[in-house]
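Note that the chains take the letters A, B and C in the order they are written out, and that residue 1 is the start of every chain.
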C-alpha cells in the first residue's frame, strides 16, 4: 500500500463495529474482518510514523500496565503503543500497591481507572486464572463506567494470559503477511508449531496456543508437534480444528519434530510446559504447597531432559520447503552454546534469521496500538483521515 | 451547574489570591473561600473532561511523587491529576535514589526539581515527622527558586501526612456537596467520624483528623467516636472545636459508636491507631528499638481485639437518619468475612454503598489537579475561559 | 546573550555536522566546535524555558534510561531533559526485565527501541565494561535501524561510564563559563582536581577523569592531586596532556592537596577509588569472588583512612586565589559532621558554596537535552528559529 487512503479503503470494506468500546481477550473471539482491521490499522499507524505524521489522538489519559510476570518486550511494546497514541503509562506494581493488601479486584480496577483509557494485563502463570482475572477487571471497569464512576470505559488488552497471547500471535501473523506479500498468500502454507527443548521449566502455553488458534484462520496447514505428554489445552485444540475446517486449512498433531518440519514454509520451535503439569502447579500453588511445586519442577526438568533432541538444527532446517522455511520465535530463544548449552535452536540458524526475527517483534507495538485505536474510535477511517489533514509532525520540522 | 461560565462566575465571587504560587499542607490553614475555590476548579476540570475539552496547561514539566508508604489510590490519583494538566510523573523511589545515602533533604529537593512544577508527598507513618518533612522540602525549593537555581517554584501538595490528609478529606467533602446538592445543604447535618475495629495495627490518624478538621467548617454536627485511649492529636481537636464555633456547627466526642450513629446523616467508620501509641512508636523507631516496636504492636493488637464490637453493622445503620445515612470510607475497608473475619463494616452495608464509595474516591484526582491549578495560575478564571476557547480535544475527534 | 538569534548566530559559526544522528560517549571524541555547540544549545533551551517558549520537538517517542547504579541526580536530569523535548522516559529496570535472563545485549537493545529516540545509560561500576557496553548497545540499534527494524536510530547518551562522565563534566564547564563570563575567560585559570577523603569505598573514577579530560580543552592549568596509589586511568592522563598542549594550558600531577590548592581559581575536591583497585575489583567480580571483593574493600578502606587529612578545609581555601576559589562538586559531597564525621569538605566551606553548587547541577538537564537535540536535528538553528515562531507556551497563558 502506498497512501493512507489505501488503508482507509481497506477498512471501509470491513465490518468491525463490535470492536468499538470493547476489549481484546482472545483472537478466536474476533471475526476475520475484525482481525483484518487490526492488521490494517497497525500498518496504517506504522505508515504514518514512517512519514513523520503524528498519531497522537490523546491529549491526556493513562495506559495502565499490570504485569504478573517479568517482561521486557511486552512491557516496552505496550509503553510504545500507548506513547504513540498519547497515553502515559502508569505501572500497577503489585509490590508497591495495596493489591497485595487483600483488596478486591473490582475495587482496585476502579481506583486506578479514573483517567485510564486502556489497561494492559499480562497474567500467564496459572492455568484457569489469567484470562479469568482479566475478565474480572474488565467487568469491574465496565460497571464503573455504567455507574458514572469512570467517565470512560478503559479498554482491556490481553498482553498474555494462560490461554492466548493475542498481541504476540497477531504480530507474528502480520510479519507473515508482509513476508509472504499478503494474507491471501498464506493459504496452503505449512506452519510447524513445535515444542523444543529448553533447560528452563514452565514456559507459558499461551504462545503455541495463540499460534494454532490464529494461524488456522488463514487456510494454512498448521502442524502442532511435541513429545508425548506435552499437550496444550484441549479446548484450544478444538478451536484450531474448527478454524481449519472453516478456513479450508488443516490442523494436525504429531509427536515428531522432523515430521513437522518436513516441507514446512514456516517453523516456530519453542519450549512450553505440559498443560497437565501447569494445571497441577496451579493447584499446588493454590494450596501453598511450595514443596510440591519444587518436586514438580524437578520432575518436569527430568522429563524435559529426555527430549534434548527436540532442537531446531541446520539439518532439520534443510528438510523444510526449499531448505529455507521462515523461522519464527517470540524471543528470547534458548540458543545452543549462547544462552545455554542445549536449547531450542542452533546458533547458526538463529543468526541467519536474526533480522526477520527482530522485524517480527517490531510489529507488536503497532498491533497493540491498533487494538486500542479500534476500541476508542467508532469511525477509525475518519480519524485517520483527519490525522492526515491535521498533519502534525511526530518530530518537529 | 451547566456551563463553564457558571464555574468562572463562582470563582469571581471568591478571594483565593494567596493560593497562587503556594502550597497545600492542611485544610485549616486555608480560608473558606480558598477551599471553595478548590471545589469549584475540581468541578470545572471534571466538567471539561466530561465534555472532551483538553485541560492540558503544561506542554512540559514534571510532577514528582514521593511516597513513604504503600499506596495505590493516592499514587494513581496524583498521577491522574498530573496527567490531566500535562505534567509527567516521576517517582522519587528512595530505594533507587541516593536519599538513602545520607543526603540532605534540602539538596535532594533541589536536585529533583529543576523541571518540577509540583511535588506530591505522602509521609504519614511517624507523628511529628511527615508534615515537618514536607515543610523542609517546600522551604528548600522555595529558596532554590529565589536563588535562581530553579526556574519555577514547585508546588507542594500534601498527599497525606501525620496531621491531615487534605486530598482525601476534600474529596470526601466534594462527594458530600454533590450528594446533598450544595455545600449550603451540609449545614446542620450530623457526621459520625467513628473508630472501627480492624485486625491490622497502626493505621494513620490523618483520616479522622482530616475529617474533623474539615467537616466542622461547614456548620455540620461532627461527632468523633472511639473507645477510650484511641484519641487523636489534641491540637486537631482544638481546630475542630474552633471551626465548629465559627461555622455554627458542633464538635462533640463520645465513646460509643451507637451514640455517634444515632440519627447521623453521614457515617465514617474507620480504624486508626491511638495517638499516644503512634507517638511512642515514633520514639521507638527513632531509637531503632525494633523489639520495642514489636512489643508495642502486640500490645495494640490485644487492645484492638477488645473492641471488635466497633463495627458498622446493618443494625447500627438502622439507627441512623431514616436508616439510610451516607456511608463514607477512604478505602480500602476491612470488610467482615471478605478482607478479614471481623472488620470495620458488614459486607451487606459495604455492598449497598459501593457505587457512592467509588464516586467518593473519584473526586480525588480532580481535587489534586485543582490544588495544582490554583497554585500555578494567578487568574484561573481567565485560564479556564481560554481553555474553552482553545477548544482542544482530550480525545481527537 | 539576550535574544534567541544570538544563540543561532553562534551556532552558525560552528561546525558540528558530525553530531547529527550520532552518539555522545566521551568529550575528547568531540571537537571544540562540537562541545561549543552543546553549550550553546543548552543555553538556548534554558533561555527559551525561562521565556516560557515550549521546546517540545517530539509529539511522541521514548527516552530509555538504563541505570546500573543508584542515582537521583542523573536519573532526574535525564528525565527532565527528555520531558523538555517531549520524550517519555521508560526505565529499563534490569530487575523487572529479562536482561537478567541471559538475553543478549543486541537483542534487548532492539526490543526496547522500536519507539526510542534516545537511550541514556549509566554504567560506571566496572573498569573496561561500562563504555564497552554502551558501544555494544549503540552498534546494535544502529544496525537495527540500518536493517529496517527500527524506524529511527536512537541516540546514545553516556550518563556516566568507567572512563568519562560527560554530562557532569559538561555541566561543570558550562557553570564555569557562566561564572567567569565566557569560555575565553577560562584560559589560564588554575583548576585543582583533587582527591579527598571519604569514609565510603569505590567511588567512580569517571568524575576526575571527565574533569581532566575536558578542562584541559580550554587552556586552563589543570592540576590533578591525589595520594600515592590513587592514580586514574593512564590513557585519560594522556588525553589530558595532549589537550593541554593543544590548548596552550597545562596538565600537572602532584601528591599534595595544599600544592594543588595554592592560588587555584577553581577547586574540585572529591573522593575516588584507585584505578588499579577498581581493575582488581572488576576481575574479582568477573570470577564471582565475593570474598575477595570484601577483602579488597577492607584493604581500601584502611588505605583511605590514612588520608583523612585530604579534606577541603577553610584553611586550605584561604590559600586559593584571593582566598576565594570557586568550589565545585558533582554532589552528593561527604561533609564533615553532616553526612559523616570526616569527609571531603568542611561544612562551612560547603555551606558558603551551596547556591553555586546547586546552579552547577542545574545545567545538567540542559546539557543532556542539547546532546539529544544536536543528534536529532541536522539544522538545529532552523529548528530553534521555528520554535520561536511557533511560540508555543510551556505553561498555558
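One rule holds in what follows: contacts are C-beta pairs under 8 Å (C-beta built on N, C-alpha and C of every residue); 3 or more make two chains touch, one makes a residue touch a chain.
Computed from a prediction, not measured in an experiment: that's the story for all the values here.
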- prompt: Shared interface numbers for chain A and chain B above half of all numbers used, same, or below, different?
  reply: different
- request: Give the rotation angle, in degrees and rounded to the nearest 5, that superposes the C-alpha atoms of chain B onto those of its identical copy chain C.
  value: 120
Task: Round to the nearest whole Å and give the separation of the Cα centres of chain A and chain B.
output: 41
- request: Provide the list of chain B residues touching at least two other chains, using ranges where the numbers run on.
  value: 56, 88
- line: chain B residues touching chain C in their complex are 56-62, 88, 90, 92, 96-104, 107-108, 110-112, 114-115, 117, 144, 147-151, 376, 383, 386-387
Field: List of chain B residues in touch with chain A within their complex
entry: 46, 49-50, 54-56, 67, 70-73, 75-77, 79-80, 83-86, 88-89, 331-332, 338-340, 355, 358-359, 361-362, 364-365, 392-397
